[in-house]
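Two complexes are shown next, each including subunit A; its partner changes from subunit B in the first to subunit C in the second.
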Partner chain A sequence: MTNSSLEIRELSKSYGSKPILSKLSFAIPSDDFAVICGKPGNGKSVLVRLIMGLEEADSGKVLVRGEDVTNSEPGSRNIGYIPQTFALVPHFSVQKNIEYPLELLNASKEEKAEAVERVAELLKITDLLAKKPEQLSGGQKQRVAIARGLAKPTDVYLLDDPLVGLDFKLRERLIDDLRVSQEKLGVTFLYVTSDSLEALQLAKTVLVLANGTIVQQGPLADVYDNPTNISTLDTLGFPEANLISGEVKNSVFESSTFSIKTNIKGYSGPAVAGIRPESVLLGKSPDAVVLKAQVTLMENLGSEIVSYLKVPGTMLKLVVSRTDNEAIKALNSNELSIFMKLPSIKIFNKQSGQWVGNGVSLV
Partner chain B sequence: MSRSLNFKPSNDRATKITLTFACWTTAILFFLPIAWIIATALKPKNTVLDIPPKVLFVPTLQNLIDALSFSNTLSYFINSIIYSSIAVLLAILVSFLAAYSFSRFKPAGTDFLMFLLLSTRFVPAAAFVIPFFQLFNILKLKDSFLGLIIFYTMFSIPFSVWILKGFIDGVSTKFDETGLVYGAKRPHIMFKLVLPQVRSGLVAAFVFNIIFVWNEFLFNFQLGGLKTYGIPVGLFTSITKGGQVDWSFVASIGTLYVLPLALVIYFFQRYLLVGLTFGTVRGEV
Partner chain C sequence: MESPLFDIKLNNLTKKFDSFTAVNNINFTIPKSSVTVLLGPSGCGKTTLMRMIAGLEKPTSGSIFFEEHEVTRVSTRRRNLGMVFQYPVIYRGTSVKRNLELPLLSEGLEKQVINDRVHKVAELLGISDSLNKLVEELDNGTRQKIAVGRAIAREPNIILFDEPITNIDINSKLELKRSLKELFGRLSQTIVYVTHDQTEAMTLADQIALMQDGVITQCAPPSEIYSKPGNQFAGWFLGNPGMNFIDKKHLTKTDSTVGAPTLFSQTLRVGARARDVAVLGIRAESVSVSTKEVSGAKPARVLRKSLGIGGQYLLDLDYAGLVIKVRVSHAMGREVSDKVWTTVDSDNISLFDENGVVV
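The block that comes next holds the complex of A and B.
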């Protein structure tokens, strides 16, 4: 027995000889806002379809509220669903679209009106109720699609990358709306996305999907700070993490960029060092890897600047605040020094992707 | 030597007028036989065969009234309306169900099955006449509305399936899936979510098939009978009265015969384009 709202046990799915998901397992506790984050092509859509019952798994189980629904019809799983595409019925008004899940449950007129009012207020679309979908903007359509999903009276909702393709400002507003909605309703949200920023902004619990399985799951800060798999480091975070290939021998990580002593025990062989861009700092520091660098490109993101630096053997990304005048001045010079604190250098087994240790001292 | 091609429409006023004139002349030339039939129907009987033909005359409705009151004319009309409309509506219903299945469930060999479906229309109609005549005699369906409706439904289905499949393919399966996860059953999804979105296709299929069935002569003549003859057969069997062709009668029946179809085509002509392209330009409607 479990108190999970949603539990997946060793779910596998292949198309022909191509495995998409292999023995994927996770559990989402009640009232959680969980985000599954994975790069495109990693099987997110297939996972959503299996959870919703739109496709059959080759093996494994889907449990909703502790009940095995693997072989149940999609409609009997009692999951609120917000699809990636709006799929608003064009010949229904906004109100009728939102009522639709309740209509299929044979809800009374009063129940429908109450639900529509509740979600319309929550998503600030009360003035759109009489309109047809074709009269709405992209953002309004997405709000209506979210409202329709939330109108279904249930406690588990699956949101399939619902903000994809929307402009930045709109996404920011909808992200706020989603967070508020989940907290006010006190329900479980499972949000699936390929956008690591969305994952970082929304998740209480994050699950990293890579190579057809969940490689890491946990509270957002824990997963972000302590990646146990290189895919976590690579998938979660913006800008993407710096990855440097090398070799581990006798607990020493050697690469053409730097060599450091690590706390790795029992592993020798090809390895990858991962460093988040915010852990690459300007200047020099004792007990840190210090490198000479040249700036090749600077991207202005508004409040931050992402710099691409040429260092021996590779390129590194670094993030500085736009208000940090000293940093900007340094970046504009011909050559600069950067440093990386040793514990922030994570070492992963190149083959399995598993974390094997951190940097501890200079060679 | 280089040559440049300029496909830009000309803004020259003279060119525009010439082109417009050419278009209208061509259209009028094509419409001339129809205009001739209508004019003959409205001419006084004794002026129909005048040489040179009278272009200006006082129109009369007497020929039309005579034609309608002649023997079985009215029943031919009613028969045509009964079997055409029922058969075409039935064909569209069956075709919608088939097209939905082909579009959504994609049974093995869908492309080949779709080809087979349309291949029935490759065979000349005359090749089917004898087998159907024998079959209808055995099944006692000859000269019955049921028989004609079954036949015309069957003949209308292949093209309708092709048209409707194109339209249904254009409706995202996300609608079906969203319906399914909210607990809708397939018939609900088909008729409440998908069907209203392929309305243009339904009208296109209706227009195409009604043109075919309304005009069909051969099978109505062979498989029908005195009880079920439609207008084309009625026109053929009544063409000679008293040993000679009554042109006023022929023109009157012709006018009445063309009128319903002309109205259907006039009001739904934009759907003919989407029908001809199997729904690929449905956005134009």
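The block that comes next holds the complex of A and C.
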């Protein structure tokens, strides 16, 4: 692929005998907002360090703008970097902090001024330029850190979980500003996070990292609707998907919660049924799995209510809108039934994580 | 649990740290036998306010009453409170049972009474099976439950919670939240709970006291504070995303009506205060979206599409320069391409004045 901003080919890395990344590959076209989403401990930070050149891979290649940089110095890779922690120089003003990476590149005074103006406007920190880091709130510091990363004149930026630890409302604003920044700059963003909601709100392309490799990649909506791996369903979605362990025999999925016929061909053995919370519906329906349920907690998110329901053998999550009065009335009643349409029940091979089929009929 | 019912009254309560005013002249009553959540961003004064109720911080001015008794200068120990903090306060190297007993032993209660209380508290918190375990054997969510148990075992009049879920690991958070919700339903004490987490507040509270810059800007039940915010701050702070705000330049006003012709076709009958309206507030889910032209609906360009809670789509819509966020179902979101038509129900529009206060 020649039009890729960033391409990773079969990258592997172990620490001692512990494999962290194994034959990980992906390619990101230019001008994309790509998000790598993986649960904590899946090797995200190691991947970031390998792309930046701060660590050496055991095998595999890193290509930036079509050029093999696997053995190049970090500085020569020309990737903008936005770290997780602010790391601002305390005795520099905000302006000086933003200029600093440009100074290292011997930028002229005009170039520096132009870059500062541009990123300060994008991140809405123009009025903070004269201040020192100690005068800023946590959210403002992270805005400055992001601005500093974006000030570097390049076309590929790596954002390493930059909103982690910020409170919810600060994140909401920064998510908007990051999306607008990427569009206005017309550059490639590779954003790494373990926060599912962040990935869903930011990504044009999403890459799911699990077990040291990218298990699925594609346009956000396609990946969300058609998970080919259990890790995709488990990682990408808020609230998290419902997972029910069981066994596939003669195309029948059996578990202590329900048993259904599936369209699975050529697989028998341990399996997991995955159902998104929005596919668990209140009431009864023919040709659907119907279960008696008991509410154990209703979490109020404002616009939605997430209910945690006890059903035979497991706990299920369900989402209803605050304006759905009938649903809320049902959730407060003692006799509660829920149903799941068969095609919305996706079955995965428990060992490999691969999708093997969907529900088709009741047993 | 049997206990006299106490309300808490705060009169002109102020706390200054040097030149910084953390709590600014608050007058507020916390009703008895209810769960009041102090909610707000970091630095809003919620923890300082709770610490003054607890007697851990001395007010700069003002007074605190528990029922008719002034307690402003009464020591923490004599206020008869239970307290639960961010990190579980428990005795390591001892059993769960011992941890629950210890606060009762110092009260000089009879052995049988202590034993009954310990079992009652363990049952309330769902930890009866763990009574003989060492606290080291338990995850930190269960340890926090023990800390809660220690606070309620003495049967105080008032129980204070300072972000008890914030530092609990993600796997135990939900169970702790569930357990607290159930517990709050069964206790008759006055409960004051501090958090910055809106979901926690909306889930646990009978009423939310929303704080900003040292003052309580609104106090109301969760559903009311969400759907009828008393000010712009409440509209923004609660909800993901927060409320959309439509500013003056998009509004048309008469002496009794307000409209926003780029966004919706109807005019809102406001009455005498129409001229005071400076900003409209609309929740993302209050906008009805169609992919086909509908009479009376306003056209908008789809700037961005993303996914949100429960697979719903969030759309950034542009009405000739006015950009708002709307929320649509997953099925509808998939259909949406570059243009949509929308309507807004008049009942779901909040009106704010120049100062951001609801009209």
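The working rule: the second predicted complex is superposed on the first by the 362 of 363 C-alpha atoms of A that agree within 3 Å, B and C clash if a C-alpha of one lies under 4 Å from a C-alpha of the other, contacts with A are read in each partner's own complex, and residues count from 1 in each chain.
Keep in mind that, in the parts below, contacts are C-beta pairs under 8 Å (C-beta built on N, C-alpha and C of every residue); 3 or more make two chains touch, one makes a residue touch a chain.
In this text, all values refer to a predicted model and were calculated from it rather than measured experimentally.
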item: Contacts of A:Gly43 with subunit B and subunit C, given as first, second, both or neither; value: neither
item: Touching partner for A:Asn300 - first (subunit B), second (subunit C), both, neither; value: second
item: Touching partner for A:Val319 - first (subunit B), second (subunit C), both, neither; value: second
item: Touching partner for A:Pro133 - first (subunit B), second (subunit C), both, neither; value: neither
item: Touched partner set for A:Val89, first subunit B, second subunit C, both or neither; value: first
item: Dominant contact partner of subunit A by residue count, subunit C or subunit B; value: C
item: Partner chain(s) touched by A:Ala221 [first = subunit B, second = subunit C, both, neither]; value: second
item: Which of subunit B and subunit C A:Leu197 touches, first, second, both or neither; value: second
item: Subunit B versus subunit C as contact partner of A:Glu172, first or second or both or neither; value: second
item: First, second, both or neither for A:Gly357, with subunit B first and subunit C second; value: neither
item: Shared subunit A contacts, counted only where both subunit B and subunit C touch the same residue; value: none
item: Residue ranges of subunit C touching subunit A (in the complex, touch as defined); value: 41-43, 174, 177-178, 181, 196-199, 202-203, 222-223, 226-227, 236-242, 283-285, 304-312, 314, 327, 330, 334
item: Contact set on subunit B toward subunit A in their complex; value: 172, 174-175, 177-184, 188, 193, 196-197
item: Of subunit A, residues touching subunit B in the complex; value: 52-54, 73-77, 79, 81, 83, 85, 87, 89-91, 100-101, 104-105, 152
item: Touching residues on subunit A, where the partner in the complex is subunit C; value: 137-138, 167-169, 172, 179, 197, 200-203, 220-221, 224-225, 237-239, 276-278, 296-304, 306, 308, 319, 321-323
